[in-house]
Amino acid sequence: MRSKITEMVVVFAILVAAVAMWFVADKFPNSMKYARIDSDFWPKLVCGALAVVSFLQLLQQAVGLRASLQSASAGTRSSVDPAYVARLVLIGGLILAYFFALQWLGFVIATLLFLWAASFATPYSNLTAKLLFSPLFTFGLCLFFTRGLSLPLPRGQGIFYDLSLLLY
Amino acid sequence: MLDSYLSALGYMASNPFTFLLIIFSVVWGIAFGSIPGLTGIVGVALLIPFTFAFDPIEGLLLLGGVYVGSTFGGSISAILFNTPGSPEAACTALDGYPMARKGQAGKALGIALAASAIGGIFGTVVLMVAAPPLARLALEFGPPEYFALAVLGITAIASIGNGSVLKALMAGLLGLGVATIGLDPLTGMPRFTFGSMMLLTGVGFVPAIIGIFALAEVLQRFGEGPQKGYVIDDVSTELPTIGEFIQTRITLLRSSVIGTVIGALPGVGATTAAFIAYSEASRWSRHPEKFGTGVPEGIAAPESANNAAVGGSMIPLLALGIPGSATTAVMIGGLTIHGIIPGPQLMQTNSDLVYSVFIGMMLANLLMLLVGVRMARYFALVLKAPYALVGPAIVVLCMTGVYALQNNVVDLAVMLVFGVVGFAMRRFGFPVASFIIGLVLGPIAELSLRQGLMLSDYDVTAFVTRPIAGTLLLFSAASLVYGLVGQFLRARRKLNGDTGPDTSEEAKA
Amino acid sequence: MFPIQSMRAALMVAAVGSVLAAMPARADDYPSRTVEAIHQFGPGGGTDRFIRAIGDPFQTITGQTLVPISVQGGGGVPAAVTFMQRPSDGYNLMAVGPEQVINHVLGRMNIDELQPIARIQYDQGLFLVSKDSPFKSVEDLIKTAREKPGSLKVAVTGTAGFDDALVGLWNLKSGAELTTVPFSASEMVSNTLGGHVDLMYEEYGPARGLIESGDLRPLVLFSEFRLPVLGDVPTAAELGFDVTLGRWRGFAMHASDDEANANAMFSILDQAAASQSYKTIEKESGLQFRSKILGPKQFKEFMQHEVEIYTDILKQLGYVD
């Protein structure tokens, strides 16, 4: 029941976004050279079609919702496990933090910290493996990319940039 | 012609170093392809400076082997970790990973490997016997034909997945919409970038698929917590049995043909080939609703197509000097440095080189069967490691690879956003396959439509009156109508039955 | 609170100390580590290969490596933004070309934040038609284009970039108006050979194979003088149209970079560009005709001149007002 309503909210949000993007596309700067196939030509087609299709989907779901309301046995249990949400938020937050840390602290420090944090956030008993894995993997990968392949890694900012320069 | 082969074989036999090079390049290619973000193009580009030291034949064998290997390599990580190592393998993850989760990782890898080798050999044989005529055929493809081809792939969106057509269409249109972010390829105006300078690059395909598959998967696995439920423990790599093989023979043949032809078209490569082969496989299948749940055809189709596209993309390269894909474009650069001018005369003036490449690519494909089995086994050992270490390591690898690809932090942000998008799409029952097809084919469809309109002075009929474009468009339209009617009838049957329009079932997919 | 802060300060001092010890700022052992060159094209593309080709002798001369860093797409704006975020320590170069000048004119970057070091390559391009084309000479082309302005389609690469500007300048100078249709490099060639477009614009190097085989017919060259290898192809200047724009490639540093480093870098690049290994690659790429190395001062003047030209063209084309 609740999942069906959430789903309708999502579809509705897509519908609103599609309409909004149509108007954003309408404001694109015009080019005289390509007047008939200007920048907004294709986006408007796509946004328009998306709006129509999501409207139809919304209708279909509304009909489905009414049908399931009428049949009283609609109570499909969709209670979400709070532990599931907690774990999701935790790992999601860690990944997000890692993304920002990469830019501020550079690859080595950020990765060291992230791997430690993420492995300790999940239940796994082998402490030595947890402690050792992070530095080994970080330095291995760092060497492979910077020395082996000459591909750049994020260096961080300010003082961390200079620190990273010592390594790669 | 036989003389040329013999002379090329003679060259290679008198120079055993070439065989070593092929072995090395296939291994390097597979390893490179399997790491997310490190695509075949990067693998080839990084080796170009090393080819300075070799003679041109050796150099080209090296690059060709990497190209062959990397096209397969991506599927290993796609199947085992739901992390497509290269864009060509994105499609393989759609059915490969579900099959691995059913405890058949070995079978999935085996199918991928065998299909890759078959597709690769097919493409190479076509390259050997029919390069000049096929290259001329490729020249018949102008913008209208590219548009029709993209439409053909896009219309398959509706037939993919077991859920509602409307949701599949929504996902596909979202993909098309996301593909328009960035600089307009025609006018050079920024679109939907909202002032961000770095977003002008647009939503990269590699960051998006890595987010949708790999990050969403990590989120899902961590969310589910430490259940022993679906640990993949079958890590053997068995080639499929003859019986299983015969079942997919038509898919293999069709996909190899699609792969070779699309590969031969300049500007579109293995990724497009894989998706079109996948959508055709599901369109012609007797059980299209099972696609995405781990069917053998769902692995065989994209893998044979993307490897056939390798041979295919060498066709215009060797016959006309026009690269058929981004990777071959990089290889052209390598050739020029050696003083070889890619062009129609290459086959006459450098026949040893051309025929050595034929033989080398054949060998590389056969070698891939041997090496691939071993390497896949080593990779599968990672599955034995605890997910508390593997999961975060996958995140780090994805971040590093995606960053190294374009050095653009926005790509990382794109990857994160699409991690959430991929997670949400699975949760709300929107087929991921449709979304990605929209993302891949959207830019081709848009640009070729606009180019075509310009070239025909805005005459829309030009698109349907040209034989190839007209046929493809007609077929797309017919199949779309057929699919919609079929869906409508099914929905009618469902409504008349005891359950309402279903949403809970597809949410699990 | 207090101890943590002082600890952080101590750490910072230690870090700074070690950094300073590791990288002496004296110019006489410059460069003492890897130099990175940011560019806007894909790995393996023309500019990427150019940097790698220069990087080979660069390593022999300095013992250090020169690494291309590709920040692709977005018309070169993301590459410029990335470069500007990097410190001006002499170890960050930017590969520059007409795209930077165009972005400057379009107001998408400020070229004055760059300190030109060396222009190394200077290419020349051609209008080419397929061998089946009705246009046997440039006069045929001009005649048709003047009769029906804009009806002829020329395939170019890139979006609102160099090719577009060159064709725009041709239109202005010759009155033989062509309409540009952007393609990817390979589709441009296949669409020309397949007869889907009327002609294409391409540099000599990449088109050489198809010119030699006779599949593509060169009509007119954009350079000050004819190419020795294409003696019978007239230049636009001979026809009375002053269109000599060419694609060029060079390196720049931050405007705030040490001038001593800039001069040191120029002399290294100068040596590298004169080396045998680079000369070979230059010749194989058909770049030996106009490529004359320009030092910091001349390069700066050259770029300023380019800014004037492109401002003029882009204004007349309506891209800027």
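Letters are used for the chains, namely A, B and C, taken in the order the chains are written, and counting of residues starts over at 1 for each.
In this section, a residue touches a chain if its C-beta (ideal position, glycine included) is under 8 Å from a C-beta of that chain, and two chains touch if they have at least 3 such contacts.
Note that the coordinates shown come from a computational prediction; the quantities given were computed from them, not determined experimentally.
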item: Identity of the chain that, by mean CA position, is farthest from subunit A; value: C
item: Winner on C-beta contact pairs when A-C is weighed against B-C; value: B-C
item: Distance from subunit B to subunit A - Cα centre to Cα centre, in angstrom; value: 23
item: Whole-Å gap between the CA centroids of subunit A and subunit C; value: 36
item: Distance from subunit C to subunit B - Cα centre to Cα centre, in angstrom; value: 31
item: Two or more partner chains touched - positions in subunit B; value: 42, 46, 184, 186-187, 407, 454
item: Multi-partner residues of subunit C (each touching 2 or more other chains); value: 69, 179
item: For subunit A, residues contacting two or more additional chains; value: 33, 150, 152
item: Residues of subunit B defined as touching subunit A within the complex; value: 38, 42, 46, 164, 166-167, 169-170, 173-174, 176-177, 180, 184, 186-187, 189, 191-192, 215, 218-219, 222-226, 386-389, 391-393, 395-397, 399-400, 403-404, 407, 409, 412-413, 416, 419-420, 424, 428-429, 442, 446, 449-450, 453-454, 458, 500-501, 503-504, 507
item: Touching residues (chain side subunit A, partner subunit C) in the complex; value: 32-33, 150, 152, 159, 161-163, 165-166
item: Subunit A contact footprint on subunit C (complex, rising order); value: 12, 15-16, 18-19, 22-23, 33, 36, 65, 67, 69, 87, 179, 317-318
item: Touching residues on subunit C, where the partner in the complex is subunit B; value: 38, 42-46, 48-49, 52-53, 55-56, 69-75, 77-78, 81-82, 108, 151, 153, 159-161, 179, 181-187, 189-191, 193-194, 196-197, 205, 208-210, 212-213, 215, 277, 280-281, 284-285
item: List of subunit A residues in touch with subunit B within their complex; value: 3-4, 6-7, 10-11, 14, 18, 21, 24-25, 28-29, 31, 33-34, 36-39, 41-43, 46-47, 49-50, 53-54, 56-57, 60-61, 63-64, 67-68, 71, 76, 83-85, 87-88, 90-92, 95-96, 98-99, 102-103, 107, 111, 114-115, 118-119, 122-124, 126, 129-130, 133, 137-138, 141, 145, 149-154
